[in-house]
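Each of the next two complexes has subunit A plus one more chain, namely subunit B in the first and subunit C in the second.
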Partner chain A sequence: MSALPLQKAVGSVRSAESARILGTLVLTVAVIGWAGADLFRQDLALLGATYALLALGMYMPFNLAGALSLAYSAYVAIGGYSVGLVATKTGWPLPVAYLLGALASAALAVVLGFATRRLSGFYLAAVTLLFGMAFQSFLLDAKDVTGGAVGIGSIRPLTFFGSELDRQTFIALTLLIVWIVGVAVDRVRRSPFGVALQSSRDVPAAVEAAGVGVPALRLTVLGAGAAIASLGGGLFTTANQTIGPDTFTLHLVMLAIFMPLLGGQGSAWGAVLGAVLVVELTFNLQIFERSGSLIFGVAVLAVLLIAPGGIIGYAGQGARWLRGAATRTRGARR
Partner chain B sequence: MSAQLWVSVVQIGCFFGLVALGYYLVLEGADFFNFALGPFAMFSGLTASWLMAKQGWPLGLAAVLGIAIAAVLAVVTEVALVRPIDARTGGGELPSLIAVVAVLFAVEQLAGTLFGRQLMPGRSWLPGTSLDLGFVTVDGQTIVLVAATIVSFTGVWLWMRKSKYGRILRAVGSNREAARTLGMPVGRVRLVAFALAGLVVGLAGQLFSAKAGVSFQSGFGWALSGFLALVIGGTGSVWAPLAGGLLLALAQTLVPYYLGSASLDYAVLAVAILFFALRPSGLFVRRVRV
Partner chain C sequence: MTVLLEGEGLGKSYGGVRALDGVSLRLSAGEVLGLIGPNGAGKTTLVDLLDGAQPADRGSLSIRGRKLTGPPSRRARAGLARTFQHPHLALDLTVRENVLLGAAAPKLAGIGGLVAGLVAGAFRPSGARFDATLHRVADALELGDLRRRCGDLTLGEQRLVEVARALAQEPSVLLLDEPFAGADSGGIAAISAAIRAVRAQGCGIILVDHNVDIVASLVDRIMLLRSGTVVFDGDPAECLASPEMQDVYFGTGGENVVA
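Then we have the complex of A and B:
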């Protein structure tokens, strides 16, 4: 008797899940089509994809586990410099650089996370921010490795079975990677691991008592997030064929905190939506004196005050209300 | 190290100390770090510089308006943002942190949009004056800054000892719940603490940007420096932020002098990690005899 509604419920969850996956795939393909051969649009799409990967990287440690680490500009830069170094100093294929960059930034994130494991909130934010600053002066200072203020230029493009990928194809590939990572992160959010992660933010003691080590959990997602962010930096660098200390600044981290807030923290796609909005506001829409960033800042404040669920959360509420209204009318007619 | 460098240590130290004093006031009243204080100081300095350079306002009027705007920004932050968000989330640390970072960003961008995104050069308050101490020359602006720092710290110290709200602020700072239970106006004291912090950093921003210039992105670094100064000094007394500011300024001047400029950021990171690990409450801690 009771099995039937349960099955139905599971079925509907599954279909909602596949609807989400298919819907976002359609949107991704639409963005690929929109970018097309237009160079400016390609730049926007590439920037959006990089921001989205950065925001997705921060999503697990920050939005799910509640650890605000601000060292992400360093991780993105590591991904970029890894591509630069592999392309100019070795003959290895570029995907090796993505892997190396991801491993290096994950290792760094775990070390930094271990060093700051007792800190939380303001102190954690400050120390990780200082780390980001120190890393930036390292990039300027270690001229032999990073090329100093000039950075690394003339990076060769990605080759695929012997043929070079043109920029348009590469950006399409990047957008598809964003989609794959988005699906993966959103599934992690709904997995038992993700539930443990979210509980460790709200009631760490209970999660510890259930036999899950909270510090190890945090270090894991810090590492994974850093790896995702560094992938973003690597892809961006490959497409632009150059990387310097000014490519990924500390400022970027601030944008990255706000992306999921604006889009909606309830789902990993909120981070992606936020990234798209940031690119639209700060680069595409220039009403007056570069005021896009101001509009973005005000929008974040408004979201914090009025719509803590972000845009996706708000839209979801609206959809539920509509569905409820529809059911109510049907019920009344019957 | 030349004696002239010590003048700049004192000068930067006084500035960091003033920003840290702002942090200290908010920390006592509301138990969190208002990172937006750095941008408030920037906004105050930039407003005055812009009014003087582009609109031809006299210095006194522009400075008063700049400081007032910083205080208004601080009050608005508390009333319109921190308080509602606190009420909704039950006073968690992370939501307030996000809120003040959002304010930081918005104020920075507002300043950039209103006043332009280039560096505004400073204009000394006492351009003709300088003090020759024999071994070192102190310029007029440094004299003003040091004097204002001493006056501000003494004023806040007296205020916290003598005045009604100052004493309530100390009570709230040492035990919020007990203060609330005793019927003290905790919310109003919080607001006063925010406003006073806004005034102090507004003044600090004026005086420092008159010396070093100011751009819309200056506030970010100022916020971090003030925070570090407070972490080093601790919250044991009103004067602790000044001590922390002077020590931080000393480190920031000595390290590049002896080890090269790139080492500064490494040194700051190392100092921060050391302090967080070994003396999380700073050098000057209030000890209670039991």
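Then we have the complex of A and C:
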């Protein structure tokens, strides 16, 4: 009788869902171990985590629903500045800043989406692009609030029951948060809500006719995406203890558009893998020095040509082919 | 019989062309109303006005005595479901997911429902609580393997999936825009059986089709449209024999002739 719970556990691990969750957790823990106490590796891991949250934030509205907003540099910056402001001007715990940043970014995304709700997707992109540019000017000019070009420094670290978290622990925590958000976004993708989202990209009239208001659906997911990206900015700023107007620029958003493409749009993990690859290509390939963006561009083109499903999609195809080959061999033996 | 859907003086113009001119209709519970007429008579326009896909220029609509206005999503929540002349399916998604949209849509109503749906999606992604509805509808229409991608289906199979999605909404009024076009004999039989089944449950159905024979075998009443106006409204057998029908389909009016 004692074997029963074990069998149950094995059975549930066998399902693809559990495999995905466990596999990605193992990879996350591996990255935490890899970064360890090495400061440069910690920087890479932190950057990867921030990019991943940005790409996960864009994944639901853009990759699933087809709504391209370009104001994500502003949402990430809002997350960062809310940490800076809460840390330097109030005595509140930093998680309050994460929450405030997420709420402010979501509200802003909803307002921008609402303003362009009756126009084609092009106008959402155009208006949010303009907003992103204007927001960066605002960060430079509103010196009293944002510290102007200098930004906000000496941000206190996150405390946990009175004791300060060191950088290594905080980055490990950040990576775990990325994992949790990745699991959540990927589960939402497959849920009824995700089905409505993906249908709204291809057949909005059918989604409307079924009873889901497409404009409200888009606004909801634009807000949720902005909140996720903002969390990334908040965590990055906490780890670096400083934020300035040049920390998060439009360039980042342009990179983020291609992250899921590189990793594979078929799953939220494609966005995370794409973020990791971007960090690797643009920062870790020392031999190419400053040509990282160029290499990134070439890599995107190569993936589009060779594996339109992205790297995860390509690997999935390979796995299916291998399984098929194994079945064929078994059949031949009989 | 209780009146489910009532339209009064519905009109729609495109530029100077009157696509629909003062059409009134009434649909009772458990009634199948056939909507026939040549191409350009205004059949799909009428379905679009009922469902809200296009706003009416004139006229009023009510469902169970309550005013029916606003975008299609609001009308769907009031009990309306429809299929499209050209199937509107997410081709990258599976049969199950496309039908799931219909079953889950009522839970995703309004901002509150959407936020709840988003959060619920992270915790219960499978949508298993809609399985009973899904399987009932899938069995009724003999959808077969629900894991197939809709892009891999024939046009006839896609029609079945679309009817299934509409049925999964558990509507009180069902608008079917040419559901038989492209369906094979098995599909036609499955859709016909489904129509009879939901009628027996008290659903009102408006059936648009070119195929007069199929329509006549299924409907309780026929409305014949021509150039945006109703030229006949009544018993199917009477309609087929009526001079209006002869004139529209076999006359020398210069409009399309449907065999």
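Note that the second predicted complex is superposed on the first by the 315 of 334 C-alpha atoms of A that agree within 3 Å, B and C clash if a C-alpha of one lies under 4 Å from a C-alpha of the other, contacts with A are read in each partner's own complex, and residues count from 1 in each chain.
Throughout what follows, contacts are C-beta pairs under 8 Å (C-beta built on N, C-alpha and C of every residue); 3 or more make two chains touch, one makes a residue touch a chain.
Quick caveat, the model's predicted, so the values are computed rather than measured.
Considered on the superposed subunit A, subunit B and subunit C are sterically compatible, since they fit side by side.
By the document's definition of touching, of the two partners only subunit B reaches A:L119; subunit C does not.
In the superposition on chain A, contact is made by A:S137 with subunit B only, not with subunit C.
In the superposition on chain A, contact of A:A209 is made with subunit C only, not with subunit B. Here the apex is the CA centre of subunit A, and the angle it makes with the centres of subunit B and subunit C after alignment on chain A is 80°, in steps of 10. In the superposition on chain A, contact of A:L217 is made with subunit C only, not with subunit B.
Once the two complexes are overlaid on the shared chain, A:Q198 sits against subunit C while remaining clear of subunit B. In the superposed model, A:T88 lies in contact with neither subunit B nor subunit C.
The minimum CA-CA separation between subunit B and subunit C in the overlaid arrangement is 11 Å, rounded to the whole angstrom.
Considering their complex, residues 66, 68, 115-116, 118-123, 125-127, 129-131, 133-134, 136-138, 140-141, 250, 254, 257-258, 261, 288-291, 293-294, 296-298, 300-301, 304-305, 308 of subunit A touch subunit B. Looking at the complex, you find that subunit A touches subunit C at residues 17, 183-185, 187-196, 198-199, 201-203, 205-214, 216-217, 219-221, 224. Remark: subunit B residues 32-33, 35, 80-81, 84-85, 88, 93-95, 97-99, 101-106, 108-110, 112-113, 116-117, 220, 224, 227-228, 231, 262, 264-266, 268-269, 272-273, 276-277, 280 touch subunit A in the complex. Remark: subunit C residues 51, 53, 71-74, 76-77, 81-82, 84, 88-93, 97-98, 100-111, 114-115, 117-118, 120-127, 130, 162, 165, 169 touch subunit A in the complex.
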